[in-house]
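Look at the two complexes coming up: chain A is in both, with chain B in one and chain C in the other.
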Partner chain A sequence: MARVAVLVKAAIDVNLMKADPQGNVLAQQTPLVIAEYDRNAVQAAVEIKGKLGGSVAAFSLASWGPVSAKKKEYENVMREVLAMGVDEAHVVLDDGYVDGTPLVTAEVMAALAGKLGGFDIYVTGEGSSDMVSSQLAPRLGALLGLPVVTFTKRIDIEDGGFKITRDLEDKLEVVHVDPPLVMSVTGEANQPRLPTLLQIRRAFVKPIKFYTAQDIGVKREAKIEQLAIKVLAQKRKNVIIDGSKPEEAAEVLIQRLTEEGVIIPGR
Partner chain B sequence: MSSVNGVTAAISHFIFVKDLEPLVYISTIIAAIILCYGLYRAIKIWKMGQPIPWFDDLGRRIYYLFKYSIWQVKVRAHPLPGLIHTLIFWGTTILLIGTVLRAVESDITLKTISSRFLVGGVYLGYKLALNIGGIVLILGLILAYYRRIRGLTPNLPFGPRDHYMLISLLLIALTGFFLDSVNTLAYRMGWIGFFDPIGWSLALLYESQGLTYTSLITVYRAVWIFHMLLAVFSIGFLPFTKFFHIVAAGFFNIFYSRLEHPSAFKPISKIDEKVEKGEVLGAVKMSDLSWKQRMDFDACTECARCQNVCPAVASGKPLSPMLLIQSLKKLMYERGGDAPLASEDTVDPNIYWSCVTCGACVYECPAMIHHVETILDVRRGLVSAEGYVPEGLMQASYNIMRLGNPFGFNPDDKASWMQELSKRTGVPFAQPGEEYDYLYWIGCNTGFDPNIRPVAEALLTLLKRAGIKVALLAEETCCGEPARRIGDEFLFEETVKTVGDILSHYKFKSLLVNCPHGYNNFKHEYPLYGVKIDVVHHTQLLHQLLLEGKVKPREAKDLIVTYHDPCYLARWNDVLDEPRSLIKSTGAELIEMKNNGKRTFCCGGGGGHFFFDIKIGERISKLRAQQAAETGAKTIVVACPFCNAMLRSEAEAMGLKVVDVAQLLAGRSTGEDDI
Partner chain C sequence: MSRIVVAGENSQQAREALGFAKILSDVSGSTISFLVFSGTSDEIASAAGGIASEAYNLNGAGHPPESLAAALDILSKDGIYAVVAPALKNLTDALARFSAKARIPMLTEVIEAHVMDDELLLKRGVMAGRAIGEYHVKPPFTATVPMKKFEPPEASGALEVEDLEVSAEAPKLIGVEKKVKGEVDIEGAEIVIGVGRGFKKEEDLKTAFQLAELLGGEVGCSRPIAADYGWLPEDRWIGISSKKIRPKLYFAIGISGAPQHMSGVLDSKIIAAVNKDKNAPIFQYADYGIVGDLYQFLPALLKKLEEKQ
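This part shows the complex of A and B:
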């Protein structure tokens, strides 16, 4: 039986970004969505629960404000997480923490974990899809004094511990680690199953608890100074290669990528 | 005319076999018991405890029996198989009626009131009718063998069960003629003549060979026993052979055929209650299906018509509607109510996901089987019980839930384009309180795809010119059709509620759509969940305006086009003439594809397949585009945004253009100069 915590961020949906005519992103009006790799983290946590038994709790800290206006959106994100198989959700909603640095997030998460009695396994996404700081797992591990495994591509459970395959840039690294631990997963760690409306509805019986700074007790006010968030338009070439003969298509693709300078022959 | 004892009739019943008469009664009783058991077993397994409403809408059901069982309009829709079936059906029927009349005379009228009715002219007519019945049956059987040996119908099974059907009937007919000929030789030679052409001819042959009936009696008795037992037990064992289709399809499945519109797929009643209780929506195991769906499995006669029109089969996907129904039948009998409908050891879920819901199988099936309804029911089961659902479909469902369109596009893109569309065409957004002739539901495909957006502009331009009061709907979202095809019934039901609520704020005579999927959805599926709206497809409206002289089509005399019938417009909803008449009004020459009208071939985009690919076999869209290219036309005219996008993806490589009917009509004014 394992007590699993999964750390989930409600990120601004980069696919639905709203911007003014000058290209300034209107973050407040952009809908929130579960951060991409955090969906993999939820899936991993639920799969670990499936193998070891126990329960999964989801933690989240509201990082886009104002929280009073966005509470429903945070709740919806957590409903999705619950529909994916998480048992309970804990959300910290406080404008004091909005725009906080990753250190604030880690401290809040650690405090929340302590408040709930601690967990055996902490899982989070490798980086959030809006800020991509990739700092949460290491910082949380440091605060809790636990081993940290990043870039998790594959999780095998053996001998009461975890055999984790890490996807590093030029190699795969296999490590063995016994819980308690903190791990962050990549987008390749699994194939998360998107929840249906029916599952979300069925998960309505599962609890979502909200907390304020007062409940958590973390007083640090380190804020990220936001100068601007801009939309960068990227023109795609949209080249379609006939895929009926895979070998030929691969040749064409290699040739095109070489022409573009993406592939440098001989390297 | 001479006769025996002055009577033109059978000299006596059971002549030469009087001592064997009890065998008839004994074997008939045994066969009847086997038949009753077989029927009981089948009905019990269909019902699985569900009640069958015996006599609802009796008039319509009797009409269906006449139309589909007796007159067999669907069987005869294919000329050669139709002819063969008609010959065998009527041949067997005449012989069966003849035998029954004979039995009634010998065992009832003679024994109770010492009266015979098969006498005189009636008897002669009776003999002639039986001769014709036998000849017709044998002819049908020979043709049936010819058809199978020559492989005239692809995928037609030709195994022991099929041989049994044909050979048993052939033997019954041939031995019947032999028995008849010996009787004629014995006492009918002088007077039966051409009223017994086969028996008489054979008897003449025996005479010419110097044979007398006494020399044939031993053979006669042996053949008589064989003939009688074969005939009686063929009926007795009917529920266990392919002959069961006579009862399961010919009576039950046609009598109890669905009375709802064929594309108004079965709704789930009390859906909220089921969700509250945590029950599965749709069908996960055999007992979750309805008795009618299980009856469908027994009605299948393996005629392969569904298989030979199915785009999944044509493109090499795992689905064959016939083999699916046969697998489910096997599962039903072998594993009963708890059998999982989709699993590794029963039916591969990909078989259900291969269906494009084009309805070709349903349209062709002479046994009134609704393959698509069962497929959709199992999809719902897979979605709600968290079984295997292709990722692309989960994504489409998720997108509908979150963004109001299945593609995952930003709803703002469509909203801002609609603002521009409104400005350019002068068509306003609907205001509550204001009354409109038509409220135009643009739909997701037309609203998001830059290649299809001009269809909306062409349509609105035509309507503006015609002076029609039409408006756009600012709150437009997904109509839910993909959710229903994917099997996400709960999302569909919630969508119907949302859309129904939005539409209730506006006053309009009809909802106008240019998407046949939306058309079908609003017309047949919304009412299942209590939302009734009058809906019109743009080809219907444009056609009406053309007749009223309000639409002036542009001239396109130099154009040679072909028209692709959308499944959801042509096959499911009978809209065939309007688009053709609109095309012809431009002066364009229309060349039909091999599959057209109600026998159209899917573009490959139905049943959720727009949102995912089963990467097995050929692309259905490619097969259809090839059919279009074979006509020699350079333009494919479409009336559906799904077909538009699917065919567009293939057509360019074949040197073909794809345009909607509205664009063809509007022409230059909408920038479609080069159509």
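This part shows the complex of A and C:
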């Protein structure tokens, strides 16, 4: 039996990002979604539970505010992971932790883990789809004093120990580690399953607990200040060419790209 | 005066962060220490001689993330200004472990560094490459920088290297499999033809290769083509967790334009695209967008280009 914790971020939906006329990203007006690789983390956690038995708890820190306006969205992301097979969810909601760096996130998550009595296996995604800091697993492991295995592509469980394949730039590396441990998984680690209607319905009776900074007790210090998040100015020409007459379209494209100096036909 | 540690698994890697370290050193007056997991003294000297004032070598002992993090614990004992490294997986891992214990902030993939009113302003790409985050950060901190982003200063002269011994518990290493390196240098190509899910069969990709050959370019792909279908090897996969390209022309064929893919091509000078779906996000990123069926358009384009040969 294993106590598994999976760390999930409700991230900015990059496809629906809103910005003001000066280009500042308006996080409050942009919907939140589960961070892409956190789906893989949830799938990995649920598969581990499937093999070892036990339970999976999801942890999340609200990182976009104001939390009073966003609470429902955080709850929705948690319902989604509960439908994927997670048993219970724990969410820290406090404006004092909003816009927090991975430093704050890791300290809050480590404190929450301690408060809940500790876990055997902690799983995170390799990085969030909005801020992509890629720090949470190694930070959490260092804080909890546990072995850390990052960039996991494959998990094999052998006699209660974990044989883990790490996906690095130029090689695959296989390591063996016994729990308790912290791991981060890549987008290639598995295929997250879509929950069935029955699982979605069941998710509504699973518990979601909310916590504040007071419950957690981590003090945030001003070591780094996020001044702005600005969308990149769109400098593309956005010329649309009708492709219904392929030969004509091809001629137009060749002409345009030649004028731009990026191709030399008949070189 | 506290120091700036530049870390890498080898000298060549660590050198990738020296340009950034030099900026920090000019601002703060801190000296630069060079730390490698393994390598020879000659390699270290030719990478950082005249730039770093001291160098440490772990001589390959242990496992890189754990050993480097332990070495950083030692080197930071008397205070530190910053630790910097190229944005590679083991180094991101090592710096994050160290940062957590030291309770200091870390910025991954810093792309710009400025000094404003004696404060350091660092920028990094966020939101899958569609936005830039700006940060004021006070030392001590850690940071990674993308490969080839900050030009390192010329190295010259001698550099004494000290062996550093660390003890760090690490998972047991039971195997290593080198990734097959293809011949292709997608990051250095001036023209890249990107192929995506719009291609229905593996053999259909040959038209993209024909186009690449006619234009003098290389073929790259989106995630499904490499990771899900395995039609092309990983070294052709372009996107946030793989290759990032900056060609003169990126020509996306049958690619919808998911942010994770587009973040790898945003630095292209010109982006052209072919897609059946006129609402595909790719057209927002494109200079020239052809709304049409690639199975009709590509043969027409190849024919026209061949006529011009």
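FYI, the second predicted complex is superposed on the first by the 220 of 267 C-alpha atoms of A that agree within 3 Å, B and C clash if a C-alpha of one lies under 4 Å from a C-alpha of the other, contacts with A are read in each partner's own complex, and residues count from 1 in each chain.
Following the convention adopted for this analysis, a residue touches a chain if its C-beta (ideal position, glycine included) is under 8 Å from a C-beta of that chain, and two chains touch if they have at least 3 such contacts.
These numbers were taken from a predicted model, which means no experiment stands behind them.
Of the two partner chains placed by superposition, A:D95 touches none, neither chain B nor chain C. Within the superposed three-chain model, A:A250 lies in touch with chain C and out of touch with chain B [touch as defined at top]. When the two complexes are overlaid on their common chain A, residue A:L143 makes contact with chain C while staying clear of chain B. In the superposition on chain A, contact of A:N15 is made with both chain B and chain C.
In the superposed model, A:L194 makes contact with chain B only, not with chain C.
Judged by the touch definition given at the top, the superposed model places A:D156 against neither chain B nor chain C.
When the two structures are aligned on the shared chain, A:R202 is found in touch with chain B, with no touch to chain C. Touch counts on chain A: comparing chain C and chain B, the chain ahead is C. In the superposed model, A:I263 makes contact with chain C only, not with chain B. Annotation: chain A residues 15, 242 touch chain B in one complex and chain C in the other. Residues 12, 14-15, 17, 25, 36, 101-103, 106-107, 126-127, 129-135, 137-143, 147-151, 163-164, 166, 168-177, 186-188, 223-232, 234, 236-244, 246-247, 249-251, 253-254, 256-257, 260-263, 265-267 of chain A are the ones that touch chain C when the two sit in their complex. Of all residues in chain C, only 63, 65, 69, 88-90, 92-94, 96-101, 103-109, 121, 125-138, 141, 169-179, 181, 191, 215-216, 223, 227, 240-241, 248-249, 259-260, 266, 269-272, 274, 278, 281, 283-293, 296-297, 299-301, 303-305, 308-309 touch chain A in the complex they form. Chain A makes touch with chain B in their complex at residues 15-16, 18, 33, 191, 193-202, 242. The part of chain B that touches chain A in the complex is made up of residues 275, 278, 281, 383-384, 386, 391, 394-395, 397-398, 401-403, 408, 410-412, 488, 490-491, 494, 653.
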